[in-house]
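Please see the structure below; I have some questions.
Per-chain residue numbering starts at 1, and chain names A, B, C and D are given in the order in which the chains are listed.
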């Protein structure tokens, strides 16, 4: 048995732990493992395919990033091909990919990636590639799984940032607006905001009314609380406004962070007269050593993906349905983006804690 | 409505977040909240009962410890009473407790504690006290709930310690044995050990064979890996040996940490000839700021406990059954200690990763 | 003896440790201590003056921020006074301040602040107020002292951010430009950049040539290193460009962060064709718990400031001249901004490590 | 030019940063660099000598441990040689070492180590080996240098542990005694204790009177403060007792940690009747990623050591005399152990803060 592993989409803490677990549990079965570098580029001549041995995955479980490197730009169904004049056109190179995999003796592929990568994996499976998926998203917006690795690390990174901003906001009587990731789903904002005791949390699931946010700030002022920390998801938008339509599921579309917080801070300053500052957490959320939760989940995903290969679960992905890891068809997970359940007990408690959602 | 909150047993990161959430969500309902200091001592004249206001729980959600203080020695059914000669005898003061609560106008009590405290809460409920429980255990050994706050923080603390020991063990070609909490259940050892890439993990659920642990160490040596990190739960014991019988459920019995690691290190050194060192993580696991996971879970528990009071769920405790917080009769949770499921995917993956469990 | 403490300028980790040490060592001498809230606002009727007791400074030594709150806008020599029409004019209220201090029985003032606050302290001392200064600057740009508290914390915060960006930059073959504080002095950029193994560091002391920065990036590419982390101080500017002239020493001028990194990332992307991202660390550098180094230095400064009061060192400030704390006239420290010594061994080693300074 | 690097003694955070800086700055000069594994074992046939290239030191600056591995048992003047019967005798193999170095074309050796390793380096230099020293000690007890790398990391590790113990001690009304490293010098205990707001600090420089420690604890109790954190250096001893005589300078004598705290906790419990717990921080102080301060100092030491080789400073070691790195004869540094200056401002301030030193 010879399997190959690939990582696609934005990086997330825990990728290396998945790779390590998949490699070691496959080697334990007597299999051979290859690593496809930079999404599928390694299979399309734009990068390498390397053997993944015990030595190569030693001591990587706690490291951020991915030893296979990754990309948002490697959709084999619409692959950028450089023309003679230096420009790029997109071409379907999926057949070539499958043939190259066959020529390398690859019996199965473990594709670790976000909704974009999983959609590609689904299509490749339909074309006959024996592929198993491992969901990866900082945003926790893949349905079918209670959580994904990288999310817990991102929440802790954001929460620690809020902890730091609390003291500086309070010392200066300031409003600080911090932008976190979450284009369509506000999980990072909600979890880090509640954990960090933010005063307002704005998420894509609840279009916000600027006046209500400012009311909450001024109500605190009346109670002698002169500072505020506002956490805003990058995809949050004002009611009456329009939701961002560009998703990560469009390969080639890099995520553009920032802008939301700065504009919101300016508006709040105008309306309340309070000194406002903004901060975009950006790529700090993707980096760093994974938390215990994420290392464990990633390790379990890696082990379960190899088990799924052994079980021939082609076109399936692994998922957490506590307390178990299960497999389910990739297309089920792609049916809809997981979003914050507005009736969940966390939302109810958050509201009773006095957190404003701008509605 | 006037409720009272008490914290009992060993402290755990997240206690203050439960208190904060319970107080704020109760005040939001227009209720009054009291805090009983030091277990039930505040209700028995040995400490205070204080009003818990918005001001008093401000900014405590991220702090370790408990503003109400706690104790392992305050079982009201067997309460230590000082005699004239300075010695102590145990007396049942539960009736007095219930009467004092009534005299203070307390309509309901939220008892946050481990299995010992929950057993007391159950008995008080049977005697008519309107009490709701919030499970608390570093060890994650309360059944009926997927996890308890404090556990994730303890796992991360232990994992970060393993991360540190890795480099020093490797630099010195040493075996380092680290002891973590877990008298009857090996969750902290298992989770921190897998996340931290330990080479052997010894838990109470699997009596270990010293020879097998040493075999694993020497097998690594043959592969040119001259160091090892062994994580051992305080309740681990050799096969043929006897399990520790003193549980936290016996109030008055403080947990005695240490000893296991030191003795194990000595035995491994004798058998393998390798330089061994030991470390007892001890109270570091109970302290510090809670992780995001624990702050959230504690906050949800606090909010849900007040909801359970509103719903009149006397004798029930809150519990996590992902993705929901539920309530269940305290006695159900007390039926058995939650232990590591040896057939769980995490165990299977851990074994395939090459981790020795000494069996 | 009755002394008063005030904190001015941007906040810095360690302020509370200075306050705690000053209060406790003064109380130990039998003195009384007052806290002036929000710069000098507490003495000018716009905020409070509070007694600082043992209880009030308990457990604050490890907290970020300042319990006295602070401001960039409270220069008593040019104090914003609200007019009937809502607009503000600036008035000299220094006489009023000195009189109010006398009326409160204040024998001496400890002023903790940056160059702006120290300049004010110097002028107040000239007018007869018995004042002792404690230098505070994140940027480490106060001369006469080897370092100031808050700087070490800021360096570690920035370094940890670089650590995180390393893995994500490497996984994606990206250039990430991170902006840190340092308007006139590049200490944070230099120290965090060398400690974090950045590939280029741009500081105000060395006007940079964009082409040289891009050359360094492309030279790495030729050696098979496809990613880069560039640390840029907010005050860095291109050679031929113009240095920023607005300093923190102008009270009322809040520091405007951001912009430098984004523009630099865009320019590098244009010139090298590499995918570039930017990040502004901003207020994260001011927040959070101080490091051991900063808690110690702040504690020593607090203790030494009270000693300076006892010694009648009016118009002096405390300073670190390793291994001792000394006092020196405030005006000496104000003579010039401390800047990176380009001939220092750290610079020489950094260059030999292959770090580009864009020159 | 061909130089070799060796690391000896207990490991310390920053060793890899020294190696990295020395290798890169030597390669920048066009030199070749070798790494001697495991002290001098690599030169005596018991381990390897490896080439150190740019690739080999890539990304190691922030890692704990040493890629060259280390040992306390490799004194070439008294080297353990295994006999036919399995026992060991000590032999002087220094001539062999020098000859092997010559045969490998090694022009100079950079020896990174503690007082034991530096003493060996001094003797080797006297025998004609061209050697430059880099001082390394967690304990900060090498004279001639303001500080050594690893110390700042150890202080922060210990301080963070104290932070954690504070909340658990306070919640339980306990005395917690924490033992840190420091056989002859109490720097780690003093710095972490003051930074962490410990209530008593016991160091080898001040023999302690148990009654005075207990008095301080009971005095706090009278003021309503029911908990205490006591930091004790491993080398602290009661007045009238005897100082430990075994130093790290005796190779082959591994440091035995623990015991001091446990015995002290038992004595305090007996005398005060308070619940006491102990904790030995042990090897956690040696592990982990170095702080910014230590990475910088280590990097500067590495760069300066290569400069010292270029300058032919044989028998010298690098040292920090702020703000500069200087070189001085190794024997000067060996003349006496650096100990806490009891008249230093830090001691004075610590006493005024109410910290008990047991005297």
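Following the convention adopted for this analysis, contacts are C-beta pairs under 8 Å (C-beta built on N, C-alpha and C of every residue); 3 or more make two chains touch, one makes a residue touch a chain.
Quick caveat, the model's predicted, so the values are computed rather than measured.
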{"item": "If a chain touches subunit C and subunit D alike, it appears here", "value": "none"}
{"item": "Chain pair repeating C-D, as identified from A-C, A-B or B-D when over half of the contact pairs by residue number coincide", "value": "A-B"}
{"item": "Euclidean distance of C-alpha centroids - subunit A vs subunit C, Å", "value": "35"}
{"item": "Interchain centroid distance [CA atoms averaged], subunit A/subunit B, Å", "value": "31"}
{"item": "Between subunit C and subunit B, distance of the C-alpha-averaged centres to the nearest whole Å", "value": "42"}
{"item": "Where subunit B touches two or more other chains at once, by residue number", "value": "163, 166"}
{"item": "Chains touching one another, given as label pairs in label order", "value": "A-B, A-C, B-D, C-D"}
{"item": "In the complex, subunit C residues that touch subunit D", "value": "21, 24-25, 28-29, 59, 61-62, 146, 152, 155-156, 159, 163, 166, 191-192, 194-197, 289, 291-293, 295-296, 299-300, 302-304, 307, 322-325, 341, 344-346, 348-349, 352-354"}
{"item": "Interface residues, subunit A side, partner subunit C - complex", "value": "7, 10-11, 15, 38, 63-66, 69-71, 157, 160-161, 163-168, 170-173, 176, 254, 275, 277, 279-280, 282-284, 286-288"}
